[in-house]
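Here it is: the structure, laid out below.
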C-alpha cells in the first residue's frame, strides 16, 4: 500500500506553485484550463484508441487481422478515419428539425464527458469527487438518451424515429437495473462517494468480499450497462440489419462520429464504473495474506491496475457484441422487467441481510 | 423553430416504411413495403424486378450451350444445379445417356454447391439476427469449397461447368483429394455453428414460433427446398425424381414439421450433414471414363416441350423448354425456387415485429437474381 | 475544485463538438443536390412524413419506469445508512420491496410488461 | 414443473448456452494462428494462382511470334455476348494463292463472362485462359484487346 | 421416381374434364382445356380425391407466334403424380383467362409475371400489376412481336 502514489500531491504542488506567483482568480482559471486540456486530450485519445481496439478485437475473434496498414499494426487507422470524417460535408436533410438535429451530438458528448470526469483513475486523480458520485454518474449518463431521442426524432426519417423510440424504451428500462446493481455495493460500503468506495476495497474487492450476491450484482450491472450503452446484443437503436443505422441514419461526417465516439466512451464509462465499484478501482489485487505476492502486486502502479481491469471488462463487453445475436425489442424489455428487475430486488434484500448480519468481510 | 405540421391522429393509421432496395438485410435489391403499427408488421408487399435481366428472353436468341452461362447468374450462390437443370433437360430431349463419370461428378458438384450455399446462408442469417461473427466463420469454410471449384473449373462463383452432354473439361487431378481433405475439416467446424448460434438462447427466442407456415400453405404457395421441408412438405426432388447419381446414394430427406424459422434453420444445418454424407459416399466412387458424351457442335432439340426439375440449395428449380426443332429454343421458362418462396412472406410475417421480418426473410434464404431472372 | 468542474466539463463538451463542427463546416467541401437532402428510406422517395403519433407500447414502459426510478432514488440514501441503522432499516426495506414487488407483479399481471 | 424452479432453470440454461458461444469466439481470439487474412498487394510475389483460373482469354505465341489461330471465326459464333470479333485479311501465300488469314482477333474483356465456350470450341486450340486477374484500368477502351500480336503469323502445320 | 400409370391418369382426367383434348407428351399427361372451363376444371383437379393436384409447380405463359397459351405444371404431393394443363387463345389483342389464385396461392404471382411479360390478363385476379418491369413500361417483352426501341438487340 505504501508505494501507491497519491496524485493529489502532484496537483497540490502545481496549485502551490501557481498560487505563489499569481492571484487566486488566475490560479483558478489556469487550473481550469489545465484540467480541461488534460481531459479533452484524454477523451479524444481514449476514444480513438477504443475504436481501434474494437476493430482489432473483433477482427481477431473473426479470424481476420483488422486494420494493419496505417502505421505499425494499423494504430493510426482511427486517426486517419477521424481526419477523413472531419473533411466530410455536414448537411441536414430536408424538413429535419435543424436546431434539435444540431443539438443532439452536443448532448450525447457532454453527457459522457461529464461522467468520465467523475471516475477516480488513481489515488487523488479525479476531476469531480462528489459525495454522491454514483448518483451523479447515473444522473448524467441518463442524459445521453435525450440526445439519442432528439437525434432520432429530429431527423425526419422513419428509421431514425423507430430507432430513437426503441432506445428510449430500452435505456430507461435498463437504468433501473444499473441503479439497483450499484446499490448493492453502496449498501456494502455505506458511501456513494466513488473515492471512498475504492478506499473501502483496500482489503479486497467487493466482488470477492460480497460473496455470491455481489458477483450477481456485477453480472447484472454488466448486462444492464451493455444495454444502456446501446451495444450489441442490445444495439436495437441502431440495429443495422433492421433499421439500417437507427437514430444516426441521417447524420454525416463529424456529427456522426460524435455519436460513434459517445458510444465507445459510454462503454468505457460502464467498464470503468464496474471496475471502480466492483473490482476495486485502482487497488491492486491482494491474495489473502501472501505478503510476498501482495508486495509484488503493490509495485504495479495503480494507474495500470485501473486500466488493466477496465480493459478486461471492455473486452468482455466486446465479446458480447461479437458473439450474440441481437434481441428483439419485446424480449429486451422482458429480460429487464421479468428477469433482471425482480432478481435485482431479491438480490438487494439478500445483500441487506448479509450486511445486517455482518457476514461480509 | 418547429414549423406547424399536420399530425396524423388515430392508432389504426398504417405507418408505411420501405425496406429495401438499399437495405442491409434484403440481401440484394429487393424491396418490402411494410405497413406498421408501432413495430408490428401488418402487411408486407414485396416489390421485385430491380435486377430483372430478361434471362428468359435472352435464352430465345441463344443456343443451348450458350444458355448455360446465363443460368449461372440466377442462383449465383450455387450455380451448378442451375447448369445441371438445363443440361439434363437438353439431354432428356435428345435422348442422350451421359457417362457414369459425369453423373457422379455432377452429383458431387451439386452437393458441394449446396454446402457452399448453406454456409453462406448461415453467415447471412446470423448477421440478419445481429451476430456478426457468424459471417466470417461461414465464409472461412466456404472458401475451402470455392478453392476446390477454382482448381477444377477456374472460377469460384459462376462456373458454367456442367454443359449439355457432360462437363466442360475434366476435373483436376487434385479434385478427389481436396474433397477428402475438406470433409474432415468441415466435420470439425460444423459443431461450432451449433455452439455459436443453434444452441444460443437468444437465437432460439428470436426464431422459435416466428414466421409459421403450415404444410397446406407451404404446398399452396409452392414453398420448396429447405424452407418447405421445415413445414413438413416432402419436396426433395433428389428423392422423388432422382437425377444424376442420386438414386444410388443413401441419404435422408430432412423433414421438420414445426414450420417456423427455427425449423427452417435446423433443416439446413441437418442438410449440411447429409451433404457431407453424400460426398463421402461418392468421392471414392468416381468411375473412370469420358467427361462428356458425344455431342454435335450445334444442338437442335426435336420439336416438343420438355420439363426437368432439380433440387437446388433453395428448392425446386424447373426448366421448361419449348422447341421447334431449331437451334434456338422458342421459350425457356425457369421455375425458380425463390420466386415462390418469396411471396409466402406476407403470410408469414403478419403480426410479427420488424426484427422478425428480417429473421423470416433470412430463413427463406432469398437470392434476388433468382427471383428476378 | 469539484462542483465548478461540472461547468468545466460542460464547456469542454461544447468546445469539442462545436469546434469540430465549425471546423468541418469551414473546411469540408460542399455540393448541393436535391436527392442528397432526402431522408433515407432505402432509396425510395418518402411517402408521408415520419412524425406521427406513435404506438403507446413505448409510453407505458416509461410510466412504469418513472414509478420505479423514483423509488430507487429513495432507496439510495437508505443504502448509504443501512450499515449504521441496522435491523430497523432492513425491516423497512423488506416492507418497501414487498410493496414494490406487488406493484411489479400487478403490472406483470395486467400485461403492461408485454410489448404491444 | 414448478414455475419458480422453471424460471430459475431457464436462466441457468440460457446463461449456459451464452457461455458456450463465448467460448468459441474467445477461443479464436486467443488463437491468432488461425487468421486467414491474406495481405494481398504485399504477397503478390508469393501468390500462386491456380493454373486453370479463368482470368482472361489470351492467344499463346511461340518464340517465332507465331500462333495457331486460323481466323475461322468459330469462337466468334460461339461467344454468347459478342465479346470476340475476328477481322480477317486476304494475303498471298508462298505458293501464290490468295488465302484468308487472321488480321485482328479483337477481344472485349469488359463483355466477357468467362463461360469458356470459345476456348472449348476452338478447333486449333489457339486461345487459352490466362490466370491473370488484375484487369483494373482507368479507360474502358483499354479493355478491348487484340489477342494476336502485331506481325505475328500462323504456325506451320495448323490446318486451314 | 414418378411411379404412376400414365394411361390410367389420362383416363381419369378425361372423365373429369369433358371437352379437354389430350396431347401426346412422353413426359406428362398433357390436357388442353377450353379457356371457359379453366377455373372449374382446375378446382376439380385439386379437390377430386383421385387427382389431388395440390401443388402448382410452374405456370408459364407461352407465345407461339399465332397463339398465346398458359401452361400449368401440376403435381400431387399425396398421390405423387403430375400432369400438364394448357389453355390456348388466339386473341392477341386482349387475351384473358380465369385466374386460379384462389386454388393455388402461388398462382397469384405467376399470373402477375405472365401479365407483366406476355400481357395475358387474368379474370378476378386481386392485384394484377406489373411485377418485374416498371409500371409505365410499354409492351410485353416475351411476345414474339415485341420490338425494343431502346436497346435494339437482335
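In this document, chain identifiers A, B, C, D and E correspond to the written order of the chains, with residue numbering beginning at 1 in each.
Note that contacts are C-beta pairs under 8 Å (C-beta built on N, C-alpha and C of every residue); 3 or more make two chains touch, one makes a residue touch a chain.
Just so it is clear, the structure is predicted and the values come from calculations on it, not from any experiment.
Enquirer: Taking contact as defined at the start, I'd like the list of chains shared as neighbours by subunit D and subunit E.
Expert: B
Enquirer: Show which chains lie in contact with subunit B and also with subunit C.
Expert: A
Enquirer: Tell me which chain's centre, taken as the mean of its C-alpha atoms, is farthest from subunit E.
Expert: Chain centre farthest from subunit E's centre: A.
Enquirer: Farthest from subunit D in C-alpha centre terms, which chain would that be?
Expert: Measuring from the centre of subunit D, the most distant chain centre belongs to C.
Enquirer: Which chain lies at the heart of the structure, taking centres as C-alpha averages?
Expert: B
Enquirer: Which two chains have the greatest number of C-beta pairs in contact?
Expert: Comparing chain pairs, contacts are most numerous for A-C.
Enquirer: Once you find the CA centre of subunit B and the CA centre of subunit D, what distance in Å lies between them?
Expert: Result: the chain centres lie 24 Å from each other.
Enquirer: Whole-Å distance, subunit A centre to subunit B centre, using C-alpha means?
Expert: Result: the chain centres lie 45 Å from each other.
Enquirer: Please compute the C-alpha centroid of subunit C, do the same for subunit E, then give the distance between them in whole Å.
Expert: 58
Enquirer: Measuring from the mean C-alpha position of subunit C to the mean C-alpha position of subunit D, what distance in angstrom results?
Expert: Centres of subunit C and subunit D (C-alpha means) sit 55 Å apart.
Enquirer: Identify all positions of subunit B at which a residue touches two or more other chains, and write them in rising order.
Expert: Residues 15, 17, 23, 39, 133, 140, 196-197, 200, 202 of subunit B touch two or more partner chains.
Enquirer: Pull out every residue in subunit A that's touching 2 or more other chains.
Expert: Those would be 61-64, 158-159, 244, 322-324, 329-330.
Enquirer: What residues in subunit D touch two or more of the other chains?
Expert: 18, 21, 24-25, 36 - these are the residues of subunit D that touch more than one other chain.
Enquirer: Return all touching chain pairs.
Expert: A-B, A-C, A-D, B-C, B-D, B-E
Enquirer: Using the touch definition from the top, list the residues of subunit D that touch subunit A in their complex.
Expert: 11, 18, 21-22, 24-26, 28-29, 32, 34-37, 39
Enquirer: Subunit D touches which residues of subunit A in the complex?
Expert: Residue positions touching the partner: 57, 60-65, 68, 319-320, 322-324, 339.
Enquirer: What does subunit C use to touch subunit B in their complex?
Expert: So the residues of subunit C touching subunit B come out as 41-44, 47-49, 51-55, 57-58, 115-116.
Enquirer: Along subunit C, where are the residues that touch subunit A in the complex?
Expert: Touching subunit A from subunit C are residues 1-6, 8-18, 20-21, 23-25, 27-31, 36-42, 46, 49-51, 54, 57-58, 61-62, 64-65, 68-69, 72, 75-76, 79-84, 86-87, 89-90, 93-94, 97, 100-101, 104, 107-108, 113-115.
Enquirer: Okay, in this complex, where on subunit B does subunit A touch?
Expert: These residues of subunit B touch subunit A: 1-2, 15, 17, 23-25, 39, 126-133, 135-137, 140, 196-197, 200, 202-203, 205-206, 353-356, 358.
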